[in-house]
Amino acid sequence: MAADPVKLQKTKDIGIPSIAMCVARTPNSGRLIFGSSDFKLHEIDVFAENPQPTSFGGEGHQSYVTGVVLAGPNIAISGSYDGQLIWWDVEKREPTRKVKAHDLWIRRLGISPDSKVIASVADDMQCKLWNAETGEMLRQFSDHKPMTPHNFPSMLHAVAFSSNGKFIATGDKVGHVAIWEATSGSKVGTVEAPGLYTWDPRQRRHSIGGIRALAFSPDNNLLAVGGIGQIGNIDHLDAPARIEIFDWQKGERKHELNNDKFKALVEDLVFDPSGQWLLSSGGAGDGFVTFTNLETGKPIHQDKLPMHVHQLVLNETNDMLFAVGHHKIAICEFKADPSPAAPAEPAKS
Amino acid sequence: MTLSRRGFLNGAALGTACTFASDMTRLDLLRQSSWADEVKKQGKRVILLWLAGGASQLETFDPKPGRPTGGPYRAIPTSATGVHISELLPKMAARIQQTTAIVRSLNTKNADHGGGATIMETGRIKDPGIEYPDLGAICAKELGRLDSAVPDYVSMYTSTEGRRKGTSGFLGSRYAPMFLSESMQPENIRRLESVSDLDHQDRLALRDLLAKKFTQNRHSDSLGSHTQAYQRVRGLMASEKLFDIEQESAEMRAKYGPTQFGQQCLIARRLVEAGVPFVKVARAWWDSHGENFETHRELCADLDHSMSVLLDDLKDRGLLEHTLVLTFGEFGRTPGINASLGRDHFAAAWSATLSGCGVRGGACYGKTDEDGHKVADGEVGAGDLFATILSALGVDPRKEYMVGARPIPLSDFGAKPIKDVLI
Amino acid sequence: MRWFPRIHLAALWLLSTVVSASSAELPSADLPIEQVIDQLAQQRLEAEKVTAAPQADDANLVRRLMLDVAGRIPTSDEAKQYVANPSAAKRAELVDRLLASPDFIWHQRNELDRMLLPNKPNDGEFRKYLLWAVKENRSWEAMFRDMLVGDEADENRKPALTFIKSRARELDDMLNDTAILFFGVNVTCAKCHDHPLTPEWKQHHYFGMASFFSRTYVTKKNLLAERPFGEVKFKSKRKDDTKGEQTAKFEFLTGAVIDEPAVERSADDIKKIEETIKAAMQKDDAPPPEKPAFSPREKLVEVALRAEDNRFFARNIVNRIWDRFFGRGLVHPVDQLHAANAPSHPELLEWLTRDMVAHGYDLKRLIRGIVLSQAYSRSSEWATGALPPDPALFAVAKVKPLTPRQYALALLIARQSPDQWPSLDKPEEWVVRREQLENGSNGYASFFEMPGENFQVAVDEALLFSNSKRIEDELLRDLKTEIVGYLKSLPDNAAVIEAAYQTICSRPPRDEERAAIDGYFQSHSADRVAAIRQVVWALLTGPEMRFSY
């Protein structure tokens, strides 16, 4: 059953001491594994009466943990700004393998739908594919320039597998997206979203923004990219959350949505499995969630979340949402009675 | 004085020599510099890399890796044993022992852009009733020559945010900066094509001739400065080429790289090489309330490269031992990381660096606490930093200017140089 | 700890029991101001055995008077007519004409603006208020009240509050600038300690002044407001201090203390009030805060103006006006009215202060008296060959750099063809022209620095005049309505030289100047217009244009 976004309601939020940068969920449970600013992975059962995170032990990461995926019932793989990928025994909460994967900061991990391949992207502008079981590097590719047009180091923030596992998309700071065939590593398309990159040539003389989130539609035809629109004062995340949706094979931009309700950075994108809407989430000082109708490109429903969200996951039945972010984990369910009398309040900018 | 080649004034009754009554040394009555002092500061130069908006000490010279406040970046060892700095500054890390001292214990108390900038420009708290000169003006006066043909205080601030020109305060406009805000060339330094060079010279000579009668029996420092300002015009126009990096080889320009800050550092080197005593290059804008880490990734790359090349170039030319290169801005940034992954204004525990002239390379003075919230050891204020800078240049920081009846020491009352970072 | 060891900051000579001159010994209150000035200035010169410089000639004087009273240079005709006028009363007539003219209103506005809001130049609203106040010839006392207490509901007076509002972020700015600008006292140093040399000047004086401002705040809607409660606490930094933390009283510089009536408030009341204030400071739509029954700023104005305590307020404005016209205060510097810094002419300051109070703080009256005095109209040349005398004797006129506004106006007037001005018998036409000039001067005024103590002309200014296109295009245009075009139309070089000097310098050229420029024309005869441009340039950039002399 497709979830009805209008029924979204926050049911719980849990304070945590650090900033959660990424999350994965053990299927059919409330057990979340999140990577965080304290350089660690933690596990928490959000359905427990008094949920408390438990840290993973052993010699772990040496910087912010920015990507985590589950590759089997007992295997978690994490990536970090320290350039390492670490395989973990989830039960024992101990590392089983470490791979020096990138020379610079790993920004995100992706995993193929069959859980056999993981993808890592990092500021060395490379996308690397790994055998999830053996840790062997399968291939690497890049279509991303190391420097921005304004001569500063660029960044490669986002990666996503298509729903059928055939394609991988990577998106960089200046708004360039490349789409790759997963098995061969050959480039099969590109799209450009320069509206997500703000270069300030006059007032502050640096840049902000970039592609922070990517997602393929269930039919693999659409590719959504997220970030933040053009910012006037780049000291702050002070522009509308921005999404662009492409029919990537045709190279056509189908929708472009500057969210007039939330000034924020889009950190994560999730398509409704039934193909009706796109969920985007992220934040600035606070967090937000927006559901966009894929036909019209207009928001169906949006709401504030209690913290800047860095990543989120849906449950199997798509009626529950688990978001992690700035010192908090929030759980939402799609069960509220739609009530026009209680519209969502806009976030403070 | 330049004479017209046509010599229209030769033999004119008034003569052509210009005199002016200004007594520019009046401010120094209390403490005349000794000859030995003069020798000590001869040929000393300063380049201030002003990190406008407030660079984060945690992403530069005082990293706190692994602490909740530390952010994602690692600390890397430097060429100075035991001294680590942020991995965002790898090129500087290789040069610390040879060139640079770090001061990690600044507490300047004011975390407001304007107030903080005033403190860090003048080395003291704003005082109603006295307009203090900034570091550039003090150095222009102490290190420059009155009749210098080159500018003695050049200030570059090309980004618009937080732009400040600098002030010569009670030292007067003679020491005000030549200010480059719109382009890399100073304004009005090039002759208009509609005025021939000969006419340009001749009308200046006529002006001086006519002015002479007026200034002869009128006693005023201000009047003298007016005469003198016009007398410096031709000399300053000749320094136009100093601002033109096309005069450098392609190889040299490539070394400094394509960023504007890099190019301005190259201009700064050209200026100090030609004898300009003080050059300020403002790199704006570090005010990373959102996306602190991405912002510092960009700006630190610019700083790391430009500063390293500048230090190397100065060294290669034998200028580094006479040139003091400084980095600081109006304040640092909070150890706490906000919800936009930004850091906010913070003046309670932050860092500055001094490189080159008079500086003990590899020295690392002061400590902040584990998370960087407070100074744990060796707290110093802006006045102490200024006393240190002046000492490094061989200028006595206790030297006093007389302003009316008030003796004002060059660095704030009670300020002490940080001996540990000085040779 | 910050203090100036050699400054007797606060042994306020005003407070001392031995007042420099008792009223009984002062010249009669009925004498004209200029006569008293000259009498007392002369006494001092004689005591010092100094002979003053001769009086400036008429051409010099008309230029000085115009710059000082009208804020601009005279037109060619104005200067010529003044010099040619044989009347013995011509100076007083000119002064009275100028003081009644729109020129004075603009200039007085500009001068008050730069004195009162030096860090916020050209604040439109504040300047509007000043213009209104000067037009009304509002007393200095009333203006002080407008600026400190004001009335948000009165359209004319409301913008005066910018004086406090623009400083309201910092308590120190409010209290120091008020003390410096209205009382002539810089109390900064007493913030940290009692002064070591002057027992009567205590830390509590600083904090006493602070208490008058500590409750002031500005709401989100930019309304000036005061909290109904709040105290200033301070602690001596002396090692032998035994008093610990003290609460400051509402204490004026004279030592006068204002008592605040006790008000009973429950913790709940206080909380509510705090919340209202917080809302007013943060929200646009919050209701305006209630005016408290006891307003410290109102009390400050009250005490500062009452007869027994008004000496700071009255002396300060006399001294500042004197400083404006003579380039130096009777007490100098003007923010140092204290015992160790006695006035150069104590009786004169006393007399002028008494006159100021007696005539309702009428600034125009004092200005008129000053500019009619012989002391004011001395030559600025000291040609004896000896070093010039102590400037505190006012034996020779000071060469004063023009303010940016004066210089801009001078340039705009000098660049104009002299036949373009309304004739002198049509003052109503001049009203319109003057306003145009005022507005037109904004651009040039922004190029120059505001002169302060030890003012020096920046080399930027010389470069601007030497190489900017704007100067070439706007001041040296070959148009018949402008100076270059006008001079070009004259028959010969001699006429050009006469007209150029008369227009730009308000005087005929001297022989050696004629010779020098004639020589220039002869050696640059290939392009006459270019040569005229260069001569005009040389005069526009000369010290005679840049300074009032």
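Per-chain numbering from 1; labels A, B and C assigned in written order.
The working rule: a contact is a pair of C-beta atoms (placed from the backbone, for glycine too) under 8 Å apart; a residue touches a chain by one contact, two chains touch by 3 or more.
Because the structure is a prediction, the values reported are computed rather than measured.
Closest to the middle of the protein, by Cα centroid, lies chain B.
Summed over C-beta pairs in contact, the chain pair with the top total is B-C.
A straight line joining the Cα centres of chain A and chain B is 44 Å long. Chain C has its Cα centroid 33 Å from the Cα centroid of chain B.
The centroid of the Cα atoms in chain A and the matching centroid in chain C are 63 Å apart. Residues 1-7, 172-173, 176-177, 180, 186, 188, 332-333, 335-336, 341, 380-383, 388, 398-399, 401, 449, 451-464, 466-469, 472, 510, 512-513, 515-517, 519-520, 522-524, 530, 534-535, 537-539, 541-544, 546-547, 549 of chain C are the ones touching chain B in the complex. Chain A meets chain B in the complex at residues 17-19, 37-39, 62-64, 81-82, 105, 123, 151-153, 155, 202-208, 210, 234-238, 265, 283-286, 307-308, 326.
Taken together, the chain B residues at the contact with chain C in this complex read 4, 6, 8-9, 12-14, 27, 125, 127-129, 131, 151, 170-176, 178-179, 186-192, 194-195, 199-200, 202-204, 206-207, 209-211, 213-215, 217-223, 225-230, 232-233, 236-237, 403-407, 412-414. Remark: chain B residues 53, 65-66, 68, 71-74, 158-161, 257-260, 283-285, 287-291, 294-295, 297-299, 301-302, 337-342 touch chain A in the complex.
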